[in-house]
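Could you have a look at this structure, given as structure tokens, before my questions?
Order of writing sets the chain letters: A, B, C and D. Residues in each chain are counted from 1.
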Amino acid sequence: MHLAISLHDAVDLIPDGASVMLSGFMGVGVPDGIVHALAEAGKKDLTLISNDTARDTSGPGPLFAAHCVKKLICSHMGLNTIVQAQYASGELEVELVPQGTLVERIRAAGVGLGGILTPTGVGTLVAEGKQIIEVDGKEYLLELPLSADFALIAARSCDYVGNLSYMLTATNFNPIMALAGRTVICEPEEIVPVGVIPPDAVKTPGVLVDHVIRSTT
Amino acid sequence: MHLAISLHDAVDLIPDGASVMLSGFMGVGVPDGIVHALAEAGKKDLTLISNDTARDTSGPGPLFAAHCVKKLICSHMGLNTIVQAQYASGELEVELVPQGTLVERIRAAGVGLGGILTPTGVGTLVAEGKQIIEVDGKEYLLELPLSADFALIAARSCDYVGNLSYMLTATNFNPIMALAGRTVICEPEEIVPVGVIPPDAVKTPGVLVDHVIRSTT
Amino acid sequence: MDPKALIARRVAQEIEPNTLVNLGIGIPTLVSDYLDEDMGVFFQAENGAVGMGHRPPEGMSDRHLTDAGGRFVSFVPGASTIDSAFSFGLIRGGHLDLTVLGALQVDEAGHLANWTIPGQYTPGMGGAMDLVTGAKKVIVAMQHRAKGEAKILRECTLPLTSQRRVDLIVTELGVFKPEDDGLHLIERAPNVTLEMILAMTEARLIHAADVPEMHVGC
Amino acid sequence: MDPKALIARRVAQEIEPNTLVNLGIGIPTLVSDYLDEDMGVFFQAENGAVGMGHRPPEGMSDRHLTDAGGRFVSFVPGASTIDSAFSFGLIRGGHLDLTVLGALQVDEAGHLANWTIPGQYTPGMGGAMDLVTGAKKVIVAMQHRAKGEAKILRECTLPLTSQRRVDLIVTELGVFKPEDDGLHLIERAPNVTLEMILAMTEARLIHAADVPEMHVGC
């Protein structure tokens, strides 16, 4: 049984210096409550893994405004002026990863693969320092698994055993990151009784979810 | 628009000597109609990729009874006496693949990866002839993509653009093989108007499906 | 005609019925305006939509349904939702029939550079590298020059997006096709002469004596 | 007590509340009979079920809901369906807390052989290699000997299922734990002497002078 915890208790679980996966795509499908709470708590030196940095006040934005992030691993940071400034000043270390490679590296960690071979990035700057493996006469980059201490994810519905369903494009990285965080914390829009989410509609089985944040409202 | 075709026309698409992925697990989630029709048509020299061989008269069973299969790639063939006899006599060539590796190889082909690194099989007979790649001090087998000329899959519901939904454990290999067949033929339990399967309930988008078999009843 | 509209109209002609198409930001986005809605084309968005439609009517937008830029969209009948791994599985796995993207530079070998300018702020490649590497067909849709500089070059000077050769380049001056023997000029825009194109292009162009005119039907 | 029931009862004691567990065929399947249903344990089936329950009542079976052996099952409240890639993602990714399997042989190093006998018909490894390699904890549940032959050996003579060391071995004679220094005998079954176990086991066993008796509470 996954006890629903308060936002406050969820924030306390995450220490300074932790690596944190944050789901979402341009601010959609992001667990906004815990993002704001972490920013307000003044967490320090986080390594943040997120597809993008959305905008200054959306998605992971508040974490940068509060100077919580030391290192960012993402595919795009183009529309967040705070990120741009922190990157330019050297406050923020950034590793850019092609989006398809990013999600596949996260999945690899989650499903116990030692890496995957992708054609994406061969012959580009992304290939620098990476092993190239030839299969059937075609070159691929060996890309390594990417896990994190915490995965912070958002869901449409969650039941009391932690089963999750997502809605439309708010799905994005959520089900993949739910596989790859050593501790998975979910902030659902609603918590429903067990049985309300039909077995075929569950996209993340509750066995993957460690904590569910109880609504503060 | 994916025109629904007859079982007869579907069978005609598949030539002797083709490689065919057949979904299902112990006879559950198998497109039984096309299996029987291929057997009756007396197809020859097929390479069959299937998790298991179910029993003599279930799942892919009829294809062996009709001597359609030259080579079998599977994880388990234990409960089918015809397969056992054909394997013993040398009529049937068999490649055994661990189940998790099998599905991940099929997925790799479907999502354009050149291979995956798995810990499964390291230090066993399965490792023979395979490249071992060390990541972070741990050994992995490089397992290569597995595609096929055809993927024959079963679905619970299909709409007229080919969107598919599956039901419970009849899901199994279906959504993965739907990614990896060069031509994907689906035999659904029902064909429904577009819109009946909600966007979040679609597990295989219609863009992956080439042909849908119209019920013969 | 407006140069961007001209480019979008010409690219729209390349789209086959019943295909899966991804349109990048900028000019590529305009392409959908010139397509017949009965063609059975499904638009993919990297964030996990197959069958994206127009911006919804006032008051009908939903925060769970957005495009890759985070803008509200609608779903067409038969649309479906996929997660990010599935979305890039479609892209990298060759299930995406066509992607249309902008470019900073393209060259005679058909190489595309569209994600970074060394020494300048780099927002990130997002999904561009996967799209260019994985899509069955890649069309570059861009204005012919930028700030007075040629963008179709002998060889890209900016870092490449992929080593894959793009299939077609459409600008307001013409249509270009990279082949094994070099870059072919295959159409010129209405009221544009061969000489104008040659003058505005750094790449060496292979062309017939009489380059046919683009038909955009308007 | 029936030897198989004894083994299953003892293995059941190893199962922690709120975990994900996969039970192999044979003796392992019996383990679920000895668990409290309120423990919050979810049983996984490789074919894509999380939360598998008992065989359904007469007339309530459905051909879309089966276990990895193709037998009709039911779902417990909170169950979910996953595809085969997800199912083995759970197994290989370390999300499966425990797997209980049978064995042909195990040895002092904790190596398990349970999938093939050279020269004999080999049905296939199915999911066994992934389960043994990936599960957080692996328990072997088997009868101590087969056809008069020892199954707990100094070194497996049959091809291994994985190079991973199993965590515990439970037979009708005792409980054995492979460690860095060798194979420990940690419990003996009721009414079984140390001497009997040593006589029936080829492997060298590390043990206390007074090996405690298994408690199976019945």
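Methods note: a residue touches a chain if its C-beta (ideal position, glycine included) is under 8 Å from a C-beta of that chain, and two chains touch if they have at least 3 such contacts.
The structure displayed is predicted, hence computed values, not measured ones.
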{"item": "Set of chains whose contacts include both subunit C and subunit B", "value": "A"}
{"item": "Greatest separation from subunit C - chain, by CA centre", "value": "D"}
{"item": "Whole-Å separation of chain centres (CA-atom averages), subunit B against subunit D", "value": "29"}
{"item": "Centre-of-Cα separation between subunit D and subunit A, whole angstrom", "value": "35"}
{"item": "Computed distance of Cα centres, subunit B from subunit A, in Å", "value": "32"}
{"item": "Distance between the centres, which are taken as Cα means, of subunit D and subunit C, whole angstrom", "value": "55"}
{"item": "Junction residues of subunit A, two or more chains touched", "value": "104, 107, 111-113, 118-119, 166-168, 171, 199-200"}
{"item": "Residue numbers of subunit C (touch at least two other chains)", "value": "75, 81-82, 85, 88, 91-92, 134"}
{"item": "Chain contact topology (line, ring, star, complete or other)", "value": "other"}
{"item": "Listing of all chain pairs that touch each other, if any do", "value": "A-B, A-C, A-D, B-C, B-D"}
{"item": "For the subunit A and subunit D complex, residues of the former touching the latter", "value": "1-2, 107, 109-113, 159-161, 163, 179, 194-195, 199-200, 202, 205-208"}
{"item": "Subunit B to subunit D touching residues, read off their complex", "value": "25-29, 51-52, 54, 74-79, 84, 87-88, 96, 98-101, 103-104, 107, 118-126, 156, 166-176, 203"}
{"item": "Subunit B-facing residues of subunit D, complex", "value": "45-49, 62-70, 75, 81-85, 88, 91-92, 116, 121-130, 133-134, 159-163"}
{"item": "Partner subunit B, residues of subunit A touching it in the complex", "value": "104, 108, 111-119, 133, 135-136, 138, 140, 142, 144-145, 165-168, 171, 199-201"}
{"item": "Of subunit C, residues touching subunit B in the complex", "value": "18, 20, 40, 42, 50-51, 75, 77-82, 85, 88-95, 134"}
